[in-house]
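What follows is chain A paired twice: with chain B in the first complex and chain C in the second.
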Partner chain A sequence: MIIINGNNLLNLVQKESGQDIQACYYCHKCVVGCPVSKYMDIPPNAILRMIQYGEKEKILKSATIWLCTACETCGTRCPNNIDIAKVMDVLKQMAVKEGVKGKEKTIQIMHKAFLAGIEKRGRMHELSLIRDLKLRSGGLFKDIKLGIKMFQLGKFSIFPEKVRNVKEIKKIFKKIRSIE
Partner chain B sequence: MKNIGVFICHCGINIAGTVDVKRLAEEVTEFDDVKMAIDYVYMCSDPGQNLIKEKIKEQELNKVIIACCSPSLHEVTFRNTVQSVGLNPYQCEIANIREQCSWVHADKQKATQKAKEIIAAVIEKIKLNESLSPIKVPVIKRALIIGGGVSGIHAALSIAYNGYEVVLVEREASIGGHMAELSETYLTQECSPCLLSSKIVEVQNHPLITILTNSEIEELDGYVGNFKVKIKTKATFVDQEKCDGCGICVEKCPVSIPWQSEEISGKTRAIYIPYPQTIGNKAVIDKKICKYFTEGCTKCKEACPKNAINFKQTDKIREEAVGSIIVATGYSLYPKEKLGEYGYGRYKDVIDGLQFERLISVWGQQNREIRRPSDGKIPREVVFIQCVGSRDPEHGVPYCSKICCMYVAKHAKLYKQAVPEGQAYIFYIDVRAGGKGYDEFVQNAIEEDGLYYIRGKVSKIFQENGKIIVWGVDTLAGRQIEIAADLVVLATAIIPSKGAKELANKLKISSDEYGFFSEVHPKLRPVESPTPGIYLAGCAQAPRDIPESVSHALGAASKVAGLFSEDLLSHEPIVVWVDEDLCKACGICVEVCPYKAREIDKWKKIAKVIEVLCQGCGACVTACPNSATQQRNLTSKQVFNMIDAAISIK
Partner chain C sequence: MIYSYYPGCSLHGSAKEYNHSTKAVCEKLGVELRELPDWICCGASSGHSLNKILEIVLPAQNLKIAEKIGHDLVVPCAACYNRLKVAKNELREKEEIRKQIKDLINFDFQNNIEILNLIELIKNRIGLETIRSKVVKPLKGLKVACYYGCLLVRPPTIMDFDNPEHPMSLDEIMRVIGAEPINWSFKTECCGGSLSLSRDDIVKSLVGNIIRMAEEAGAHIIVTLCPLCMENLDIRQPNYNFPILYLTELLALAFNLKESENFITKHIVNPLPVLESLELL
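Coming up: the complex of A and B.
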């Protein structure tokens, strides 16, 4: 049973995301259009409802916020113009900031590995990304067959490339950290 | 004598698809008495009507049968058509071969045969038809309006501005009705009593309107254009001429009414001044609770500086003659005793919508600061529950009360405006906000004022540590919910006004199974009661909000003005008549007549017919043991001939 006794989560998420979550009238259109909703433990519209109810812990521990690929199909179709992907972003940030150890840890590692690579070189290097991901999440040779196939098709190069001015990229990252 | 013309309509394929109209026309032509029969694609169209006119002249027809759709659709059309070429309209009859034949059958052969039988029967009827002309009766150009709420007030003004006299009867001590009890209106968010008071002043100052407050209908006699009404004016025990509304008497009165059981706004003592905003502002005494009548208390009488209190006043009966009546008796709320699961009556902080209106009203005792009834605390969490009783067959109210979705949104909005840091939760089954700007209003309340709309019902309400605990369900999230609230407001069902059933009996008008007065036709005649001259306005007919009540009342008023626009009224001449030689004045017809159209002539010792009241229903015809009563153009002979024709035709 949900026990409602006032909450600030709604105001906080509305402010951070700039989205009017109260406008939602639970038509489920976002759920039916979402390409990954069938893998989610809580459908996106229910996430909006839980924000209203202030069930922060449950939301931040859910797989849904990490499974969202931010494809924005939901936001495009929403009759009330709520950009749910943006809401999901805010929730992801909240989870990271509060150090919530939720589900779908691999996705979180993936995000971190991706950003680390960008910070280092300004450009993505698939092989390093996969290496970092696999080293941190375990199972280094798990997808090796797929890797070989992709390599044969020329999907990734062995040597990483860099942008000309990596210092600028690092500055951007520094600034973002200072804002956070 | 061959003088009958039969016109068969195809009605597109509605009839022609199932009935072989060509063959039918050929076969009907061969009947005795039929001079000609012809088919046409749409008889009701201009060319179709012209065809009828031409043939009447050309073939010298003097009786016409149109085989087409139901007479309720085009009988009037075709009667006017034949009248325009000089035939008596009652020499035109409809043979219904659409609703009663083509629409309900599939076999073309058999349907054609049935159509032929129907036409043959109508031929037998028309052969004995008399030429009739409408009955004319004079009309008293004066209207009676029962109920002085927003509907009654608007109807009264509209009729008075048309130049006719109006008698406005109100049961309570002041006109205004429920609208005067509201805080603000939805959509416009205007002060409801202020909005209404301008209209109340208009009614009170209009020279053609007589207002009778504290009055009820005792008896009704007569018929459209000539009603006689007995009106009882209850004693108020206060001389309304002398009273200046100073309110000293109210302060002295020892009988105070608990806030919760207050029936009408402003009624806080046994002597009270209803609705502070009404013009006049006079005190009245409620005899039921006044201590003078039990213990001889005379505190108010002693205190009154104008010596206006007179305990010797008695009820007065007056008679009024009117031509038309509008019933605008409004609504009541569902009885609270029956709502045990919501704790109504058990917990002081569970209130209904009208009580909440009083809580937030501009002149209410708590002055805009919302404070809950039990301990005067400002409520931080308020739960509103929609469909309390409504849409609930178990509570005997399967219908939707219609206005709750809107006023609950308004209530929650007003609450949030008064207590911005508070939270409002609304339990609903559906949000039915149909109307111009209605859904936008609700959606705006949700978005701007941050209301929580929870789709689901409440199962239990109980008290714990000074909080009202509400157990409900969120069906969209599929979960149970518990809310610790400070105040619970129930949107209780709208039911007919107290005494509506008794009034229906007195006026001889019908009401539906719930007690709302019935209209003649729900789509096309929504303001007329089945009794001619009696019209319906506002919530007396069905739950509706202010704009709808006003439109409905203006509709009824325009029907009255239409009725009064002529000096003589026309009445359908298909009525009954009495064969005086056969009548024994047994009085059975008087008992069975639902329209009070039959009475016994004591001198002649026969049963009479008051033709203007007779609706031609035929109840007395079948009840008469001597067959002394017969209906015009539908005599027993005609009916038996029709049956013979229908079963003998090959």
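Coming up: the complex of A and C.
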């Protein structure tokens, strides 16, 4: 059962994620199983602890929330059934909503470019995504050799696909913006 | 057997060979795949990372189309499969989500179709005996590392598919087509997923570990069902030349489909030398 009696951050994250964060007893299973924990600035179990302490700013500015790949290894192994990847999603969404300029900007730019592409066409187009990402984050010539090889193999579709009901898709995005 | 088919964006792009081999294999097995009209992107990792409504509404739009048609939905891409199942689960479990989605896209969730990955389609609907009966060229001597990745098996309460730590269903299919699945401990390790475009250094390190484990366990190739895993394993492997193939490409080889040469030549790491050395072509 989730007890709502902590600080604002704890209450909000528990409500949004549906996870009982106070159930964590710091066994470190999430840290040990996490494929990217060695690249994180704050390990996943410490993020849970900091939520309990209400250390919002530190968490939302961390690299950790963006490096989480949502592979769900932690949640699968957690003895208290805390879906930590779900918690990370809530934290990422909170950081975006509050306009926090945290670490790992390229990851955020990638996600934004990805969704902008869907809003525009209804489907993701790889070349457009790579172009948009490179224009926004730099590194225009990175991976260029690889790109040429993939191109020669016919891996890329040159022209983006656009769904017929793209107006409807745009409307959905617009509506969501107005709700939030 | 008629199914609705959700290819997802990768299968119309860099994973064309997965799309083509899936269609060819299904045709051989008498399964008709009908592509969902006007399907849209499921949102992948970006949807659920940035926006909790988009996370559900993008896959839900596809469920809406699929429920109207009424056939069960086949989804080859592990990531799309995961997102569609998560959305379906949320719609089933939470009334407020159903209401929100109804308001947004006028979708009355009926819960009248199943979402299937290709292993489920093959094992539970087509049957391993049918697969065996179509094998004309058993993949004898081919040692395969079955790589399930994250999204097919996790989170286990929602995916409800095979064992999340030690799945065996793909291994069983490999045995039926004459290949030899090897034992290894990286079946469900993460490849780095969408970090491919933003932190390729991390992806290279994770992919390097996966390939090293497969090689040390004696595998000739890795088999996958996920276009993102394929992309990462195929293009981000450091100092290896280790072939990666889709499940459907191996099935096409075992069925001796003439289209095979169109698929298996589409990878950065060329699998032909290994396959030729085992006289499998």
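Throughout what follows, the second predicted complex is superposed on the first by the 173 of 180 C-alpha atoms of A that agree within 3 Å, B and C clash if a C-alpha of one lies under 4 Å from a C-alpha of the other, contacts with A are read in each partner's own complex, and residues count from 1 in each chain.
Note that in this section contacts are C-beta pairs under 8 Å (C-beta built on N, C-alpha and C of every residue); 3 or more make two chains touch, one makes a residue touch a chain.
On a predicted model such as this, the values are computed, not experimentally measured, just so you know.
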| item | value |
| --- | --- |
| First, second, both or neither for A:V96, with chain B first and chain C second | second |
| First (chain B), second (chain C), both or neither touched by A:I130 | second |
| Which of chain B and chain C A:L140 touches, first, second, both or neither | neither |
| Partner touching more residues of chain A, whether chain B or chain C | C |
| First, second, both or neither for A:I169, with chain B first and chain C second | second |
| First, second, both or neither for A:K112, with chain B first and chain C second | second |
| Touching partner for A:E104 - first (chain B), second (chain C), both, neither | second |
| Chain C to chain A touching residues, read off their complex | 9-10, 12-14, 16, 38-41, 43-55, 57-58, 61, 104-105, 150-151, 154-156, 164-165, 188-190, 192-195, 197-200, 202, 206, 235, 265-268 |
| For the chain A and chain C complex, residues of the former touching the latter | 16, 35-36, 39, 67, 69-73, 75-76, 83, 85, 89-90, 92-93, 96, 104, 106-107, 109-112, 114-115, 118, 122-126, 129-130, 133, 137, 143, 146, 149-150, 153-157, 161, 163-165, 168-169, 172-173, 175-176, 179-180 |
| Footprint of chain A on chain B - complex, ascending | 380-381, 423, 425, 443, 446-447, 450-453, 455, 474, 476-477, 479-484 |
| Partner chain B, residues of chain A touching it in the complex | 1-6, 10, 20, 22-23, 25-26, 45-46, 49-50, 52-53 |
